[in-house]
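Chain IDs A, B and C follow the sequence of writing; residue 1 opens each chain.
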Amino acid sequence: MAKMHTPAMEKIERKNARRKKPRRSTPSYEAWKRFKRNPTALIGLVVVILLLLVAIFAPLIAPYDYQTQDFLSMSQKPSAAHLFGTDQLGRDIFSRCIYGARYSLVIALFCTIAAFFSGGLLGIIAGYFGGKVDTIIMRIMDIFQAIPMIMMAMCIVAVLGNGIPQLVAAIMFASMPTMARNNRAAILRVRGSDYIESSEAIGVGQVAMIVKHMIPNAVGVMVIYFVGFLAVSIMMMSSMSYIGVGLAAPTPEWGLILNDGKAYMSQSPYMMVFPAVMIMITCFAFNLMGDGLRDAFDPKMK
Amino acid sequence: MANLIEVKNLKKYFSTPRGMLHAVDNVTFNIEKGKTIGIVGESGCGKSTLGKTLMRLHNPTSGEVLYKGADIASMDIKDFKKNYRSNIQMIFQDPYASLDPRMSVLQLIEEPIKVNNKGMAKAEVTKKAKEMMELVGLAKRLEMSYPHELDGGRRQRIGVARALSLNPEFIVCDEPVSALDVSIQAQILNLLQDLQRDRGLTYMFITHDMSVVKHISDDIAVMYLGQMIEKCPAKEIFKNTIHPYSQALLSAIPIPDVHLKKERIVLKGELTSPIDPKPCCRFAARCPYAKDRCLAEEPKLRELKEGHSVACHFAENFMH
Amino acid sequence: MSENILEIKDLVVHYETDEEVVEAVNNINLEIGKGQILGLVGETGAGKTTTALSIMGLLPAKVGHVIQGSIKLEGEDLLQKSPKAMREVRGKKISMIFQDPMTALNPVKTVGDQISEVILLHDHCSKAEALKRAQDMLAKVGIVPERYKDYPHQFSGGMKQRIVIAIALACEPELLIADEPTTALDVTIQAQILDMMRKLQKEKGTSMIMITHDLGIVAEMCDHCAVMYGGEIVEYGTVEQIFDNPKHPYTKALYRSIPSLDQDVERLHVIPGMVSDPSNLPSYCTFCDRCEEKKGICSEKDPWVIDVEPGHWTKCFQYTPEWEGK
């Protein structure tokens, strides 16, 4: 029913007729609807899912083992047998890039989780309690932040040595201040809202206030930072491996593959191009997804 | 009749970078049980701070708030929360911002019941919440709806239900209808009146709207820059306005009547914020009748006749 | 009647998104005489602001669509003009004042610059002259001209709204649209602003559309009044006609639901139900579901415009011969 029918209405009516049951409109469902309508965000999501699948099914996809050296086909250009070519030791770069997804994604996830539970938690505490607690935590974070991220990570690896746990620790420490700052801002925004005051008036206790009101309302923004941080972690990890303070050979990490190809850049540029493209696509996909999430959770924030 | 609330010399100051902000300055009044006091004033006059201080959402700087004789202003906050919180409730101004957007209607109304009756069975909580929904006129089908799906009137009904579910005796209504459309405003005002009649509630009704306050209140107090400048029965103020500010406030209201051509007192200047105020009449700078004495001495709120108090040196001149 | 400055004919405006179509303005007809003030009254979602934005050519891009109708300013259809031509019209011929003065001003420019910017844009004059005129404008809205060098944050809310008005009137537009210009202000400040607006309007003979939800402001300021409900004008007439002799059930109910200062009422009159949802309007009378005087015919078709007295019309079946039958 309407005052005046227009083609736009008929289009929507046709769409609604196709839909079986109208969904309950929860805030999360509204956010998903906004996300779905954003094509770039969807591209990001699809690429991320593809990368995850590649990581999970790496042994099935990769035509060769990632560390088997084949001295009969060293430094070969991309061909049907070796899609991305082979490196100076005759290892299939395509297989190494596929396995690389495992390392990159898993380690990035660990780094981000670690940063979230250290820096993020500190930020939440600082934001909620405010006052002196806030000042102390945030000033310490300021000191951390005064040291360049990559330098900080390098120092940590220099002290603790190479390896995955050391790398995670390094990235965690380096990204703590930003994580703390973001989460503090998210909590502060929620803390200032009227519904917190209204809940205070009906006698909601401190713990319930954080768990039931603040975190659920801040979680959208936190997810956005989380996804954004995955991209940052991958970048940092690759840069560190590239300059030789990250993972050790023969791990098929993208940064390391890049490093391996460095010496042969002029004769065989493909050795560097493919891993670089992998890093780029991954970071780009996470960023697209993060932007989409931001628009979905927080349509006013843009 | 017995006073449910007695406020004595209540002060609430905030320290700001520019000095001490006297948000509520030496306010004294009583509210009888079952009555409504209307607090009127423009933005920045401290009326909301007064309400929040009574609720202990702010801790008062000094002064007393007696609830049935017990001083709830100075008691330990834990003690207040445990024994008095549910007796004193509040309805908030903005029904859009004062409800958690991630909770459904039923969850929002269950929350106060759950929080204040630890150990109550889940089924019982739900049952009580459903009763509250019916009481404030929220249809059953809205139980699972979220605030963003509802209009302002319905959201404000949720606010009323949340406050009422604790069986309070005293409710601070902080501009509960100013964000609503006129046709919806009447629904909420009637609801509040019905609830008062049926449950013997006592209200403090904070608003900037003179016609609303006249409709709902028994007594009216006018505030200006943190101070109470005139207090009297609701009908009296419209017949016999004494304080020059109250006169200006009343004359400024546009009346929906084309034939009424009234004299309007247009005030000069605007409200300043009460930061470190000088000991003089705070309205003197804008008052059309200000004399030297107004700038030299602060007028006290004094009773001119039965139930009508005014804070003005020359109040007698304005009496009719 | 005198010449009309603005004529709106059969205007229909929809907001279209993937999810829904909002019927914001439904077939409205409106005329504003030269030098007259028209009050546009209604609740949230009644289509007041959409009407104003259509006149200004400022409907949100992609979403807002004029489905049919014309808006003629001195005989020229604004809807046929190119965006560039509309930019010439805005500020020069029609200006608009928005509800919130805080967002209408540029925080990093002095108020003098902001006023003279508009003057320079539309009237080709020297910078010095523009500045001189900006200072005159400030004086007219009651601000000391010496303050032209100050930034918006140095002014209070009421003062900011004065500056917004100064910008709007700087090029002496023929039509001023004021969208709830005093809603964000306190009553004593509102009184100051309305006083000033009335004075300037008389002085310049500007025509004005005053959008408000406050019937009191309409009674004090306007010559004519249009009551909007659900994107339609349900009643139109002079303020005397509308206030003394309201005809539409919505107008009547609206009066009774406002608490009055001079009469005591035990209970307020309530208009049952909610404000209609403009994304789901009925094909019959929009107010029907909340109306207390409805009959069978009201839920069958849409009422049309009926003249009840000269210059006073309403959209209600009560005043048609068909009413008696059903």
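Definition applied: contacts are C-beta pairs under 8 Å (C-beta built on N, C-alpha and C of every residue); 3 or more make two chains touch, one makes a residue touch a chain.
Keep in mind that this is a model prediction, so the values were computed, not measured.
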- Message: Can you tell me which chain lies farthest from subunit B, using the average of the Cα atoms as each chain's centre?
- Response: A
- Most contacts overall join chains B-C
- Task: Report, in whole Å, the distance between the mean C-alpha point of subunit A and the mean C-alpha point of subunit C.
- Result: 49
- Query: Which whole number of Å gives the spacing of the CA centres of subunit B and subunit C?
  - Reply: 32
- Message: Touching residues of subunit B toward subunit C in the complex: what are they?
- Response: 42-43, 151-154, 181-187, 189-190, 193, 208, 210-212, 214-216, 235, 238, 248-260, 264, 266-267, 270-271
- Could you pull out which subunit C residues touch subunit B in their complex? 43-44, 156-159, 186-192, 194-195, 213-220, 239-240, 243-244, 253-255, 257-262, 264-265, 267-271, 274-275
- Item | Complex contact set, residues of subunit C against subunit A | 12, 14, 16, 18-21, 23, 26-27, 65, 67, 231, 280-283, 286, 302
- Note on the structure: Note: in the complex, subunit A contacts subunit C through residues 1-4, 6, 8-9, 12, 33, 37
- Message: With touch defined as at the start, can you tell me which subunit A residues reach subunit B in the complex?
- Response: 24-27, 30, 193-195, 197-205, 208, 212-213, 216-217
